[in-house]
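Note that chain A is present in both complexes that follow, paired respectively with chain B and with chain C.
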Partner chain A sequence: MNPSIPPSSAEYGGGTVLIRRDEVSAIVLDPGFSTTRAGFAGEDTPKSLIPTYYGQYSISSQQKHIFGDDIFVTPRPAFSVHNPISRDGVVEDWEMAEKVWEYSFTSRLTGTRSGNFVLNGLDDLHEDEPSREMEGVELEEKPLADSPLLMSECGWNPTKAREKTIEIAMESWGTPAFYLAKNGVLAAFAAGKASALVVDVGASNVSVTPVHDGMILKRGVQHSPLGGDYISSQIRALFKTNSPQPITITPHYLIASKAPVDAGQPPQVTYKAFPPDKTPDASYRTLLEERTLTEFKECVVQVWPGPNRLSATGPNGVANEELAKSSPGRPFEFPDGYNQVFGVDRYRVVESLFDTKAAILDPDSPFPAPVQAQAIPELIKSALNGVDVDIRPHLLANVVVTGASSLLYGFNDRLNQELIQNFPSPRVRISAPGNTAERRFGSWIGGSILASLGTFHQMWISKKEYEEHGVSIVEKRCK
Partner chain B sequence: MAVADVRDMLDLPADGHPRPHKKQKVVEKRPEGITRELYALLGERAPPIAITENRYKGRPKWMSKVKVRSWQMTPFTNSARTDNLVLRHWQRQQDTVNNVPPPDGAEMDVDGKPEDEAVLTAEQEAYHFAKYNVRAQMPKRYTDEQYDRHLRSDEWTREETDYLMDLVEEFDLRWVVIADRYECQPQPSDTETGGAALVPAKQHRTMEQMKARYYAITASMLALEHPPSEMSETEFELHEKMVKFDPERERTRKELAALQLNRTADEVREEGILLEELKRIVANEQTFIAERKELYARLEVPISVGNTTMYQSSQGLSQLLQTLMQADKSKKRRSLLGTEGSGASPASQTPTQNILSGLRDSRADTPIGPTPTTATKRTAASNTHQTLKPLTPAEEVRYGVQHHDRLPSGVQFRNDRAQKLTQAKSNIQTQKLAAALAELEVPLRLVMPTERICKEFEKLIHSVNLFLDARKVAEKVESEIRVLEAAREERERKERESVQGMTKDIADVKLESEDRHIHVDGRSIGHAAESEALSDEIDDPGDSEDAPGEADADGENDVLSSTKDTPVREKEAFTTAHKRSASVHSIISNRSTKRQRK
Partner chain C sequence: MLASINNTSRLPHDLKSVLFNMPPFKDEHILLIAPGSQTTLAQLGLPESFTPARLHFPTRMFPAEKKGEFEPYKVRERRREAHSTNGAGIDVDMRDASAPADKGETKVALQSTPKLKAADGVAVTNKEQNSKSPLPEEVVYEEDIVSMEGAIYPMQNGRIADWQCFFSLLTHIYNTLSPPFHTPIMLISEPVWSARDREVLTQFIFEKFKTPAFCLMDSALAACYAYGTPTATVVDIGHGKADVTAVTDFVVQDHGRGIAVEGCGGKAMTDRLVELLRPKGFTREMCEQIKRSNITEILPFGTPLPATISPPKSSNTALLSSTGSLNGRPPMPRGPGGNAQPGNGEGDEDDGVLNVAAIVSGNTSEFLAKREKERAERTVSKKSDPMNKPSRLPNAKKDRASFQFEEYTRIEPQNGAFTTAGQYIRQKREIEVGVERFLLTAPSKEKTADRCSGGILEDLASQIHHTILSVPDSTKRSELWDSLIILGNGSKVKGFTTALISTITQRFMLSPSATIFTSELPSNISTPLATGGTNTPSHPGQTPGPFHHPAAHGVNPLLVAATHANNPIPATSANHDPAISTHHRSTGHSQTPTSIKTLKPPEYFPEWKDQGGSNAPVATGAGVTNTTGPASSGGRNPPTALVSNRGMEEAVFLGAQIAAKVIFVLDQGLSKGFLSRVEYNEGGPATIHESSFS
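The block that comes next holds the complex of A and B.
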């Protein structure tokens, strides 16, 4: 279509053509364990992407917090990093979660209210004059006073957490309209499907969500902790038992200078010295190590693509492990200059997502050894067993893969192989966007689509309804 | 050589066609931003990379003349909502010059009214997306009285029924979701009833139970509203469908579906193979039926039912001949058309040969006609079969597929062929063969003449024939030997008589005869053993007793006569149909050949 020709009214405003959008400048907030995504509905990627982790330090016995990307670059004394969300994906620390989320949209989308004289300290002098019309002013102070807010949640979010969420949105942020959608449903929408089996491989969790007609089937929702952080722990376990020498990850902030070394040689590096009273908390180092591991996952780690398990033999009788060994290795250089080529090990660290017997055992790991029921094929199996048999083939034909950890090289091939092996008769079709951003922000994009639909605007929970029914309305309306 | 020269040579008028213009050289336009000198350096060839200036595309020129239309953030309400939530969206501002209807199609007049209010009122009239707010049509809810009278159930309490109806309404009859979300809280009234309900069993309802209950309720509500006799057709159909809902059947159907879903890969593969096979068989059957039809059409004899008096005159006869010729011609054309596809020329030739020879000849030819076609068709079928899937030798055996270099014309039964083998040239030989087969307990007529059995049978007949031949030769040799022996005996006796008469050197003669005795003895060992074996088998001791009776008193003759007798006995053994194992036969034949050599 010629872009210079204005769209006809029937096309744009809805009607016969598929574009049925009506944007009301809603904000879509998709809080995850690792990152929090926020942006305006109708856009294709979230404008604001911040880590859910926040930094905490105290200066002159006053607690200060750091949000956003700044947490990576401030090795302050006794600086500790926390996450308000538990490993299960449910919010633990509501106070801090609210702050992190608020930061996610105020930092880039709405901006902080400059006229907020109650909070910015300029008005402190008049504290003894409580006679101001605080009620009228307060409405203006709320950060989301003129944007409806669509938030996402995991499929197993308890009622209490949902009610708390709407309370925060309505009371603290003052949004005129609110909706809470399941991120599985949103990811299905992002793939253009109303019914799908969503496999979301996130940082803290792998979840499988059957979605039927835009609604999740609660009995089919499955999740296990074998997500990105689990893979990190597996990589750490691998590094401990690495063959030329055990590898310790030294983050960049600890390194003053380094010299190039050959592969497998001990690093030549001088470390930065932090006096004991100035060292940041161990959690800070863990966070930065995690960044290196993320890079390692992106560059080196590979999922054995099948057709069988890594420990089994392939279709032509050769052990898969041998095949994996024969493929060329991938080099990786650590921040301290140590570098090594990783051969078959790069398959081993993720093999336990599919075959938990292949897990590298490490007594120090925070993750207990996984059981077979937690492996992804098993999750899918039990998810399907939880739903009606009539829709199972349809779900298998619409498997949507989303989540940043699903970007592991070869993940989709392997998943496809496993599904075909487990379900030989129905057609299995995996739809996973090749675009990195679309895979990482699947549920946010679905939210963006949903909140900009003209037909969705009748679904919002308005402030009026909230005031009328209280927090319990979220259970009634956001099904 | 130019065209003009050719024209000259051929004396063609030069002004026939104007000389085509020389192709205009396309002069590429020098893009802006490149100096002429630099551009000249590029030469005639355009550079492989397009030289374009990197600049903002901008809008087309004509558009810059169009006035910018302003958009405005306008509040609106959604009539599908009950709470008058005011949201804001961007809206084209209406201008009187360019009367484009707003995207929402909301007509509004801009005659001095405050903008916001005008938009608001217009939107309130019709928010564009409100019309998509549709819900499934729900039947009327029952009243208390109706429930008590018609809808009571032992399985379902009133509370649970209400809960079910609520859920159905809430999820717009999406049974999958309803069954998923169904969580009926045990009623508090249960605890009041007594200690029996201390542990209120949280009933798990299957989707079928829910459906059955819902359909039962809806059907009876429908029937209450309109008795079935007054229902409209669609209503009645709906009612019938709901009344006939069978949860048990639905449950078994789902079980089967689950089974189908959880098949193993092998089963799936087998199913695929079977389906393909079925498709092939059906296709083959179709072609077979078509072929047979064609064959029948050819064999069909038109039965004349008309009166023959009109053909009695010569005129009538000639007329008949005319019509027959005509019919033949048309037939020929049709058959040509029919066989065109298969390309079997012999089949199409047969009718052409028969045009003049008349109906009878053509009928006589018909048995030959179809044979080549069937043969070609068979090969064609095997060809298609081969294109389908190459068969392994094992499979070929299983399906009975055979490859022949050349097939004899006509159809014949395998059994007949086998039968033919048992018929020898002479009657006696045939009888002998039959006797040998009977001895082996092989029936003359094969019970199950499969390909393999026929082959074996053929081999067997062949070896039996060989054996019979060998025996014949053996007997001949044997009788010759006997004659010769008898002649020698005669001669010896004469000699002896003459010797006795002359009373010559006795010792010499004796020595000689003893020598011979030993010699004969050695030869007779085999015969003796054999005759023993035979006499064991043959229940005919009289015969063996006869032999010494016949023999002369001399020891030498005794031995000789026994050897003389053996072939006779052997012969008897063969002709009398005594039970005997094949191994014995082979021993005998071995011996007879040995003897032959001697």
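The block that comes next holds the complex of A and C.
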């Protein structure tokens, strides 16, 4: 090709591309209690992952909100942290939920719209076209004006919440097409299954969802609060009674300087002093403590892999607890420099997910002592009891594990042991992706697959249909 | 996963389009642009040995006469008497004007030719003159290349705030470099650009510049290419913001990425200096130059300030004790007696414009520049003699130090002056500063209203911690802590990197007892730290083999297998999904960081050798600066010390060149690193997300 000859028009499609905006891929939004995931359909991970928590503070008597990861990084004066979603997984504060969700896709995907910049700067290409006149029309473009939106919801989302969701998507965001899918179904799709028993271990909830032929079996859906946050509360309870000394978690932002200490020795640390009117709120501290606890869960905590409970006796007659004690401990250092090796305790903090009698009791904990019906094996039992006898074996052969808290070391081994004990059948089979991201974003990935399927196009609720039928259409169409 | 499936399924098609429709690209035809909020780097062609960017454009434009259009320089309107021209040719450089303005201007300028005379040095254009005034007075538009009055910065903290303006900047750069038609373009993208932003840019580039191939490369990834590492934590300190990115195996980790962390750039440091020094009579420009000077330093965490050793007695001595007779705000020294030199040979040399007058007088200005350089050297050596004696102490121990302040001052031409050009003189004087020069990163009062952290370094440290902790594959974290890349012009302040590392170490480094413990517990080899922090694989490129235990961290896998045999992991039953046993066992790894290191810059690019503190102050008004020598047209290099002052802080540009070489020249699109015009025509702007670099 001669570099001094311009490309011919045949070789270069030129302005025709402008019109082709219908190929825009849908946006998949998977709001959870702890994090909100958003991304384009067809991609393998959500581009945008933000905490569902948002920060709030006031500066010169003006209230400011902080969204995104910044809440973990920058302490702000009299900063408080809130979550628009209730522990049950249902939205409480719609106004803020809308803002958090909107942030999740505007920040990385669609950008905040200010006017129609798409045509800007290309004016000289279209000298003959009245492109200037179009600018006025689209000035008030809504954030999702040209992207279909697929959202997920938990299996027990009430009708009111579902109707509110479609209202926000259609009215505030202006999406041309919308669909609301159950996250259990999506997680099954992500595992490549149309029928499955989905065990989703999230931050605020553990849920067990029977899915048959891509439909959720409502009577079988079970959930309990024994999720990641509950495990955190168990770890805190452990720290209170820890020996050689009780442990308090002091997040990094409160520490001015520290000196290394030996294991088990009291920390040598100077704390930061904030003026009383500027001290960040306790909720902020809790959030950052949670960060340290996450690290603790990653590095130290381990699920007793079975067989049998931690408190029981193993197959060779040795108490499981003794076995656990003999395995090497794991060290952990806290932000203030305190460090210690954790032995058998690191099994105890998660044991109550399977055996609620093993729960470490703490009167100050926001979680009441769990009852056995809330343990994961019991949830699975009641979920199966809620569905038709004929499909039970099929579900048991397709147990899909998802959710970030299921990444706890040894979780799948133990779950497998429990299933074998409770349902002695050779065809019990757990499927859990090995990839961390696939496990954490199971329902988002399912949404990404679903929304990019050609056959899914007929499922969308279009803007026109919404305008015709109103919010109630979501109950009819998204089952 | 999905995307990769997509990619492979598309591959045959791409191959076809690439192999049959696409003649190979040549090194000299590749256009690289790396936009930043302050400076945009650009270069046409890859040299044999990669150099720092040839051109530095200030990322700003000035509103043109017509609304919605932009000019690269301030256009000043002046009225003056019209009288017949006497000689000096007119010079309107069309390459320099932004394209939309181009056509109009040509016409007008031609019309006005007989009536105008140009001063040497500054391009003069004249539009619509005489339309209103029948008087013997005409409106003259002149480009004022130093003034920043009314400048629009289209990028704010990395975000594109003004698309029109940004597009005309790109056009201006494109026109200045005037590449041939068969030029693939590589644009370095800011992390903060949203997916939609990238689509808009893609569309603009293809439809405006008709490029045959376009690559949008993430700046953090480019940094990894420059350092030749697949895994790194890239900390890019810019002007108004910083970006902190974890890259593992050449994959940018979107989650937990510190994107445009505000108030962590060079601007915040200048702000802090202004806050400290304004009460003492310093201007912002002075503070900016103090920041860039050698005497400014950021001391490592916990280093006492020299002032605390001997606090200054009176506060007003510090300040503007300048050399010679210049005190406070001195009257402008005109004569050659001062350090200043009338500047009509200087300002215009920064100008990207070629003009007849300058070429004609080229020798003269070179001569002037040379003379001034000699004089400056003489004065410096004269001065440094008496000053060196009392201050043998290292800079960090001195409670005050002085630097050469340099500024451009505009001379308003006198009545009837021969020239229409804005003339500037450059002045130098010595200014003394106290310990404020060590406090650049201390928390500023303004900021504490909004945040209660302990300054820039602390903010960055927490962001880095957050970013690394957010990497899902926890086995990578240790390596990320050991491969920090700190770059960006904000990091050029002396001592910045050291101070940042010491802050991170102080806050996050684990104490040895938490990692090495030879306590009562027998087999703790799975806590792989017995060797004192060298637990990362020594070859960052190595990928773990299929039997590599994730817990192993480079420890002998047999050893790990042996120790894990002791662990009470029960024999897994037959009906196990095989996925379970191979998944990432995050608990198989221990806490990080046990060591914190920066990566060594590559040594095989001689042009990129660290310029080590040659942080010569330079007035900030200068226009396009030409960095590297031989290819650039002679006589245009500004005489200031700026020329060789670019090092690894702009490594992103080095990475861009390496990547461009790889994807455009070496592998011919096999790695799907760029988007070809054919693909663009088929798939539209959104196709850019499928190319592997964005």
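Here is the rule we use: the second predicted complex is superposed on the first by the 429 of 479 C-alpha atoms of A that agree within 3 Å, B and C clash if a C-alpha of one lies under 4 Å from a C-alpha of the other, contacts with A are read in each partner's own complex, and residues count from 1 in each chain.
We take it that contacts are C-beta pairs under 8 Å (C-beta built on N, C-alpha and C of every residue); 3 or more make two chains touch, one makes a residue touch a chain.
None of these values were measured; they are calculated from a predicted model.
In the superposition on chain A, A:368 makes contact with neither chain B nor chain C. Judged by the touch definition given at the top, the superposed model places A:74 against chain C, while chain B stays out of reach. In the superposed pair of complexes, A:317 makes contact with neither chain B nor chain C. After overlaying the two complexes on the shared chain, residue contacts for A:426 are found with chain B and with chain C alike. Once the two complexes are overlaid on the shared chain, A:276 sits clear of chain B and of chain C alike. Of the two partner chains placed by the overlay, chain B and chain C both lie in contact with A:25.
Applying the stated contact rule after C-alpha superposition, one finds that A:217 touches chain B and leaves chain C untouched.
With both complexes superposed, C is the one of chain B and chain C in contact with more chain A residues.
Taken together, the two structures place residues 4, 6-7, 12-15, 20, 23-25, 426 of chain A in contact with chain B in one case and with chain C in the other. Residues 4, 6-7, 9, 12-15, 20, 22-25, 146, 148, 176-177, 212-213, 215, 217-220, 387-393, 421, 423-426, 454-455, 457-458, 460, 462, 464-465, 479 of chain A are the ones that touch chain B when the two sit in their complex. Of all residues in chain A, only 1-7, 11-18, 20-21, 23-25, 40, 42-45, 47-49, 59-60, 69-70, 72-77, 106-111, 117-118, 120-125, 252-253, 255-258, 260-263, 272, 274, 278, 280, 291, 294-295, 298-302, 305-307, 323-324, 326-333, 337, 339, 341, 407-410, 412-413, 416-417, 420, 426-440, 445, 448-449, 452 touch chain C in the complex they form.
Chain B makes touch with chain A in their complex at residues 59-60, 63, 78, 80-81, 83-90, 100-105, 128-130, 132-133, 170-171, 174-177, 179-181, 207, 254, 257-258, 260-265, 267-268. For chain C in complex with chain A, the touching residues are 1-4, 6, 23, 29, 68, 99-100, 163-164, 166-168, 171, 180-183, 194-197, 200, 203-204, 206-208, 210, 212, 254-258, 261, 302, 448-454, 459, 462-463, 465-466, 469-470, 472-474, 506-508, 510-515, 517, 519, 521-524, 526-527, 566-570, 572-573, 575-577, 579-580, 582-591, 677, 680-681, 683-686, 689.
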